[in-house]
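By letter and in written order, the chains are A, B, C and D; residue numbering begins at 1 in each of them.
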Amino acid sequence: MITALLARLRQGHHTNRFPAQVPPLPDRLRGRPVVDSTLCPPGCRACADACAVDAIAIGADGGRPAPRIDLGKCLFCPDCSEACPPKALRFTNEFRLATSARGDLEVADGRVYALGRALAGRIRRLYGRSLKLRVVSAGGCNGCEVDVNVLGTLAWDLGRFGISYVASPRHADGMLICGGVSRNMELAVRKTWEAIPGPKVCIAVGACAIAGGPFAGHPEQCDGAAGLVPVDLFIPGCPPHPLTILDGLLRLIGRIEDQAAPPAPPAG
Amino acid sequence: MSGPWCFMRAGGAVALEAVPDLPLDALRAAVVAAVGAGRRLGCWCGDGAGRVYAVLVDDAAGQLLVARAPLPDSYPALTPDCPQAHLFERELAEQYGVVPVGHPWFKPVRFHRRLTPGPDAWGRPDDEAVLPGVADMFTVAGDEVHEVAVGPVHAGVIEPGHFRFQCHGEVVFHLEINLGYQHRGIERAAIGGPHPRSMLQMEAAAGDSTIAHGWAHCQVVEALAGVAAEQPALDLRALMLELERLANHTGDLGALAGDTGFLPTASFNGRIRGDFLNLSAAVCGSRLGRGMLRPGGVRFGLDAARREDMRRRLERAGADAVHSCRLLFATASVQARFEDVGVVRPIDAAAAGLVGVARRACGHPADARRDHPADGRPGPAGPAATAEGGDVHARAFVRFAELQESLRLADGLLQRDAAATPPGALRCRPRPGHLAIGLIEGWRGPVLHLGITGDDGRFLRYKVVDPSFHNWFGLMLALRDEQISDFPLCNKSFNLSYCGFDL
Amino acid sequence: MIPLIALLAGCALHLAAGLLALRRAGDAVAVLAVLASGCLALAGGWALAAPADLLLQLPWPVPGGAVAIGVDALSGAFLLPIAALGAATAVYARGYWDAHPSGGRTRAAVAVLLAAMALVVTARHGLWFLACWEAMALAAWVAMSAEHREREVRVSGWTYLVFTHLGTACLTAMTVLFILRAGTAAWVPLAGPAHALDGAIVLLAILGFGAKAGLLPLHAWLPGAHASAPSHVSALLSGVMLKTGIYGILRITGLLPEPAAWWGALLSVVGAATALYGIASAVVQGDCKRLLACSSIENLGIIAMAVGLALSARAGGHDALALLAGSAALLHVWHHAVFKGLLFCGAGAVLHATGTRRIDRLGGLLAAMPRAGALWIVGCAAAAGLPGLAGFASEWPLYLAGFAELRQGGWAGVLTVVALALCGGLAVAAYAGLAGGVLLGNGRSPEAENAHDPPPSMLRPMAALAAACLLLPLAAPWTLAALAPALGVALRLPAAAAPAVPGIVHLAVAGLAVAALGAAAWWRLHRRLAALPQGAGPTWDCGYAAPSSRMQYTVSSFGATLGHDIAPAPIAPPQDIQPAQGLFPHAASFSSRTGDGILERWIMPLVGRGAALCMRLRLLQQGHLHAYLAYILAAVLVLLAVAVLGRAG
Amino acid sequence: MDAPLLLEAAGRALAHLAVLTLLPPLLIGLIAKVKAAFAGRNGPPLLQPYFDLAKLLRKQAVFSRTTTWVFRLGPVAAVVTALLAGLVVPLGGLAAPVSFDGDLLLVAYLLALGRFCTILSALDTGSAFEGMGASREAAFSCLAEPALFLGFIALALLLPPGGGLRLAELLAAAPDGWRLAAGGMALVAAAWLVVLLVENCRIPFDDPNTHLELTMIHEVMVLDHSGPPLGLILYGAAVKFAVIAMLLLSLVLPRGGGLVADLATGVAGLLAVAVLVGVVESSMARLRLLRVPTLLVSAALLAGFGVVLLAVH
């Protein structure tokens, strides 16, 4: 017991101070991309062509190409930014990405990125200080699970916000789903959803859970959770940084309300 | 033994004509003989074009043995003579409808329809839904026996799988594991590749082994193209691989502590694992190493300042990790939970073809980093860490030893000047009619990728063998006559991948 | 005279009912039996309410014999449960057993059994007592062997016969010693100082009556006999016949002038061992009636502990304590009769509906038979000794007696309290397993899924007994007062010395408080639930596609931790395991035989060794006439020699 | 009894009642906080158990179609029995509102009643998980019973022969016990600490934090409860923790101060017990499940030695 106490002293206190203070992020972290379509050469499709998962569509902005990035499909790989000769498309360190609607997950020049809103009235009053989640892993790569799990460790300490993961869906207030929902998991996801007592929320974490990720279009899976259950919060990324997930969860329960994201620092 | 084999090395390629095409009986006999002589069956898979390929791994000689044979609709099963073939044969039946006659446990593996058109190996009609996890399970007779069915949705943040325990009271007579819930069709999608998405999908074969799978894929594609990545790229890949190992071993030792309810190590390691993940992110922006590798090279380099900063962080996290794990191994109440729990006998481990940590915990010093070093790849010095006993303690101890070794290795890699130059990427265009094998020692064990190109230079078949494919069976063995309350502990001591198995 | 007349009328009516039943079964038989029970109840109640020692003596042409029947308060205390269960089972058997091919015979045997029991607890002469005792034993054997075509039933019957006659042999020896001690076989309280033979008499009484009461190690017949008897017969055997053993011990010690301290000590130790062994065996039983029988062993052990405590206290001169412990014993006799009767009737209802007693083939019956199921849960809770119900109300005074004894520096109180506490925990486990295994969850077999509630003739007696389980704790203050005279007889103390049992009124109030607060909380919860939409679905199955009823705990598994992993090896029931072998096992099986550990590991080997010894005597058996003539000659010579030497001496 | 005394008694009863009904969730929150501090994190707010309860009582429930009324009886019984048991347990100087001869038996048996109902409630779901938890609960709490009663016996030995047997008198004799045979009292206190840990499914017997079905006792028993019934179960468990903690505390708490002093020491004592449990949970591993009985038997033996020491004082 004494060694345990000494070890405790040595290891120190490590919980970060988010949301009051944003912990340091890796400078190379690829967060929310920004597009400056004024830099786009006419007729250029390099970014869209480089994207293996068809996350980028090229619209037209008065004759100039206007890339629109669907963050729900985006795997945050550097293919598009590497392919963009004038650096019109680049990733920033902005980690705030979660949205309340699938349609909000779009980055385009001149478009305000609408971050997730808090739950409505009664549900928010119910879950504002206590939200138990049943995590369902369904046909992903276990990457999002890694970062969902990390939130439980002492650096992130999800419990301090009254959010925790529970064993039984009966104890849960909502479902947090990772993975694109393989055909073999379809029934299990439905059964879990039905086993949760209402009112219930659903959170889709990661590119797979939102739109199938790198496996989009495979007949072995359902291309995300939204086809099976109503999703209240979309957290994009492959996998999302733990801070992205935490930010999303706190927005959902109304602990973070600011919409105006601070100016994004330049990408490293 | 020379025998009817084509010999090659990890990360090498051969023209298909050079691969012996034996009659099936001869291939079968050759596999049995080779396994009898101490080699390990690394892969036994169909190519979708009427042939079966066998890959044997010879750790002692650092060689891979390959041969092939035409594949009929049914053949006498290999499993009775070579138990480690059991899952490969079930997989073959599920993917191509080939029936291994006399297979002792003939059931589906991943619960999907076959990849090519044709009759189902189990005679299931096409319009009948394949219910996941529902198979003819082994049961212990007697109405006093109860079954505990866990999964696919597990308590905690765990991937899906179905575990069926045959129990009386707290005692488990037998555990059977049905997976396939994470099946996303990676191997099917790779056919006709490499596609733009292939690298992304290989990285996501098992998210916690992004580097191991990614690198093995790079090895296959590079070998097929006949190019070799430059030394700085290899150094950086090796660094990322060790960082992956550090993060996962730290996390697993913490999780083992958590399952015994020992809070100090559980909470410290959870945090330190994050430190290692953040080191990966410092290199490539992704905590799992996503986007770092690409066939022909890597994407990010490290300048001296960054290397110096990383060395400092690595040293601090490493010291914390070692200290926290020492506490785990010095606590009697934890050791009481570890010792003699979840024992796999060495003889069973060898027969079942276990790999990686689970194999080394049974005293077999097999480690692909040492046994199958690809050219120029910096590898560890000295023999692989092993432990005797095959119990939870042995598996934990091997991880701890490897963790310490990886710390030294990663530190050494960070000191290499070569790593300073940002490496470029080579163009990789696979040659037609070739076969290449990638073999990387991930933190769980050897990750084997096998690529066969057709005449058009596109993948005719791409096979991924995650170490978990071999090792889930070890977990089943470890649970015999064990207490069911020790299952989470045993499970965590293996910590196998579901998605790596299900693909 | 009224009690005596009522007693004789009751016995006569029972016998008449039995005779009638041999001709034709019908409502008339049941009515007669209920009337008979009414008469017995009148006799018992009167004897308790107006204590007086009424004696009826008739000549009997047996040397030294006399028919002596007396109804005093002690008899009354035992007549009442005999009457109550007699009436309840008489009604119950109409729907349960009368249609069975052995219905008439069983009815007749039960009638004889009831009459014989009434006579046993009123006999006042050694030889007459032995005659009634034997009649009771044989009637019980006939009644329990209703399904004698089944091997298991025959084996249980024979085992019972062997044990009961071992007991009778001890009692015969006891009677002989009593005659030597008192000069007469008549059971009249002896005056004067203690006698050297008193100890031997009590020891033989404890052995002989203990065999009937199921005290260790002579309990081994009990689980089999109770399991294979028709359920209403089991109710009678468990509920009242076992208690005649307790009656015997109390009666005999009551005849002797001064109890020795070791009598009570012996009973305390034997009782504690019996109670713990019984309930520990109950936890692992897979047959619901064997489980109930094992629990009867436990309860008889508890009663024996109470009697033991009473006798030691009496020997030590602590009269109030003696009366407290004694009243605990008698109260438990009553309460156990009620809840065990209910439980066996419930087991009968289950058997009736499903045709099996194996708990691991049952399950989910509460939904299929809501009424009988609910009544059974009441019985289980009472038997588990939970507050507000009959079982706890009678353990209460025993606990208090135990604490009082240990505060006087005795060790028996410590033993009693610890044994009771452990029994309480084990009983909760055993009965939760029983109720859970049989009534709750999913059915484990087609039989369980097609069950239905029994007919009203079976339900009504169960309802009455369940009501008694709920009401007896409320009546306990009065019951205890009423039982004091009976103890006065048994302990030879003035009944007036009986203390008011402390806290018993509060206990009743506490029971009511649990009920009231529980009802209020229940109502509140349901109003809350009604206000919100509720979901329904399968039990959480981890999202699996094909859950089955095998994926629920079996009662054998439920009891395994306590029964197999913790119980000391010499008494743990053996298991048959055919383990999964090889990397890909093909067949494996598991079963545990929940026979009696003591019988199988200790008694049967002894019997076997005895039998082997006897086989050696077969050398004498040559089959030649001259050999036998030689034996006779030798015997005569030896006798002559003895006679001659004796005269010479 | 004159008016001020009556008023004082009423005040004590009210204070006791308030502590019994309002404080328990805080203890659970405090344990979590202590464990968090040990781990080096912030941890959930102290009042988190209250937030959880408030939420559960206001949300919907889902019931399994397998279950019957027995399933809903469990939560009700868990709360009612724990509260009633608490009514007879004094908290240091705060006398129990209800006291009568033999009330100590009622404490143990009311808890047993609650256990019986929750076990049945678990078995009603027909799930192997709940069965597993129920089986463990039945086995372990049964083995904890002797330790509890041996503690009662040890205290009863301090009382003169004859006279009543009230928990209040029994516990009031504790100071004598410490004076006469401190070793014996320490053993009893240690045994009761074990009872506290096992009855409330804490480490080293159960780990309420793992959330793994196969290893737990209490949580796996209530896996299928949801909404208000789950709230009742959690509240009942908290009250039960407080009741046994009160029993344990009464061995050591000073008494005889004024109402406010007694209330303060009582509450402080309960908080201290919660901190102690948190420290124990933070510094040792959970036992292997089948080793639990050994520890429980050892606890009974400890209490037995306590009895011997107090008997020979």
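Here is the rule we use: a residue touches a chain if its C-beta (ideal position, glycine included) is under 8 Å from a C-beta of that chain, and two chains touch if they have at least 3 such contacts.
Note that the coordinates shown come from a computational prediction; the quantities given were computed from them, not determined experimentally.
Enquirer: Which chain maximises the distance between its CA centroid and that of chain B?
Expert: With centres defined by C-alpha atoms, farthest from chain B sits C.
Enquirer: For the chain pairs A-C and B-C, which is connected through the larger number of C-beta pairs in contact?
Expert: Of B-C and A-C, it is B-C that has more C-beta pairs in contact.
Enquirer: Based on mean C-alpha positions, which chain is nearest the centroid of every protein C-alpha shown?
Expert: That would be chain D.
Enquirer: So, what's the distance in Å between the C-alpha centres of chain C and chain B?
Expert: 63
Enquirer: Distance-wise, how many Å sit between the C-alpha centres of chain A and chain C, to the nearest whole number?
Expert: 68
Enquirer: What's the distance between the Cα centroids of chain C and chain D, rounded to whole Å?
Expert: Each chain's C-alpha centroid was found; their separation is 35 Å.
Enquirer: Hey, how far is the Cα centre of chain A from the one of chain D, in Å?
Expert: Taking the mean C-alpha position of each chain, the two centres sit 43 Å apart.
Enquirer: If you look at chain D, which of its residues touch at least two other chains?
Expert: Within chain D, the residues that touch at least two other chains are 38-41, 59-62, 128-129, 131-132, 135, 211-213, 223-224, 227, 282-284, 290.
Enquirer: So which stretches of chain B touch two or more other chains?
Expert: Residues 132-133, 146-150, 152-153, 155-156, 160, 167, 169-170, 264, 267-268, 271, 331 of chain B touch two or more partner chains.
Enquirer: Can you tell me which residues of chain C touch two or more of the remaining chains?
Expert: 533, 535, 537-538, 540-545, 551-553, 557, 559-561, 565
Enquirer: Mapping chain-to-chain touches, which pattern fits: line, ring, star, complete or other?
Expert: complete
Enquirer: Given the complex with chain B, which residues does chain A contribute to the contact?
Expert: Per the touch definition, chain A meets chain B at residues 3-4, 7-8, 10-11, 14, 26-30, 52-53, 75-78, 82, 91, 134-150, 152-155, 165, 167-169, 179-180, 182-185, 187-188, 191-192, 213-215, 218-221, 238-239, 241-242, 268.
Enquirer: Show which residues of chain D lie in contact with chain A when the two form their complex.
Expert: These residues of chain D touch chain A: 32, 36, 38-45, 48, 51-52, 54-55, 58-62, 211-213, 216, 219-220, 223-227, 230, 282-284.
Enquirer: Tell me, which parts of chain D touch chain B in their complex?
Expert: 35, 38-41, 128-129, 131-132, 135, 203-204, 207, 209-215, 281-291
Enquirer: Where on chain C is chain A touching in the complex?
Expert: Spelled out, the residues of chain C in touch with chain A are 533, 535, 537-538, 540-545.
Enquirer: For chain A, which residues count as touching chain D in their complex?
Expert: It comes out as residues 1, 4-5, 8, 11-15, 126-127, 129-130, 132, 154-155, 157, 159-160, 162, 164-168, 170-171, 173, 194-199.
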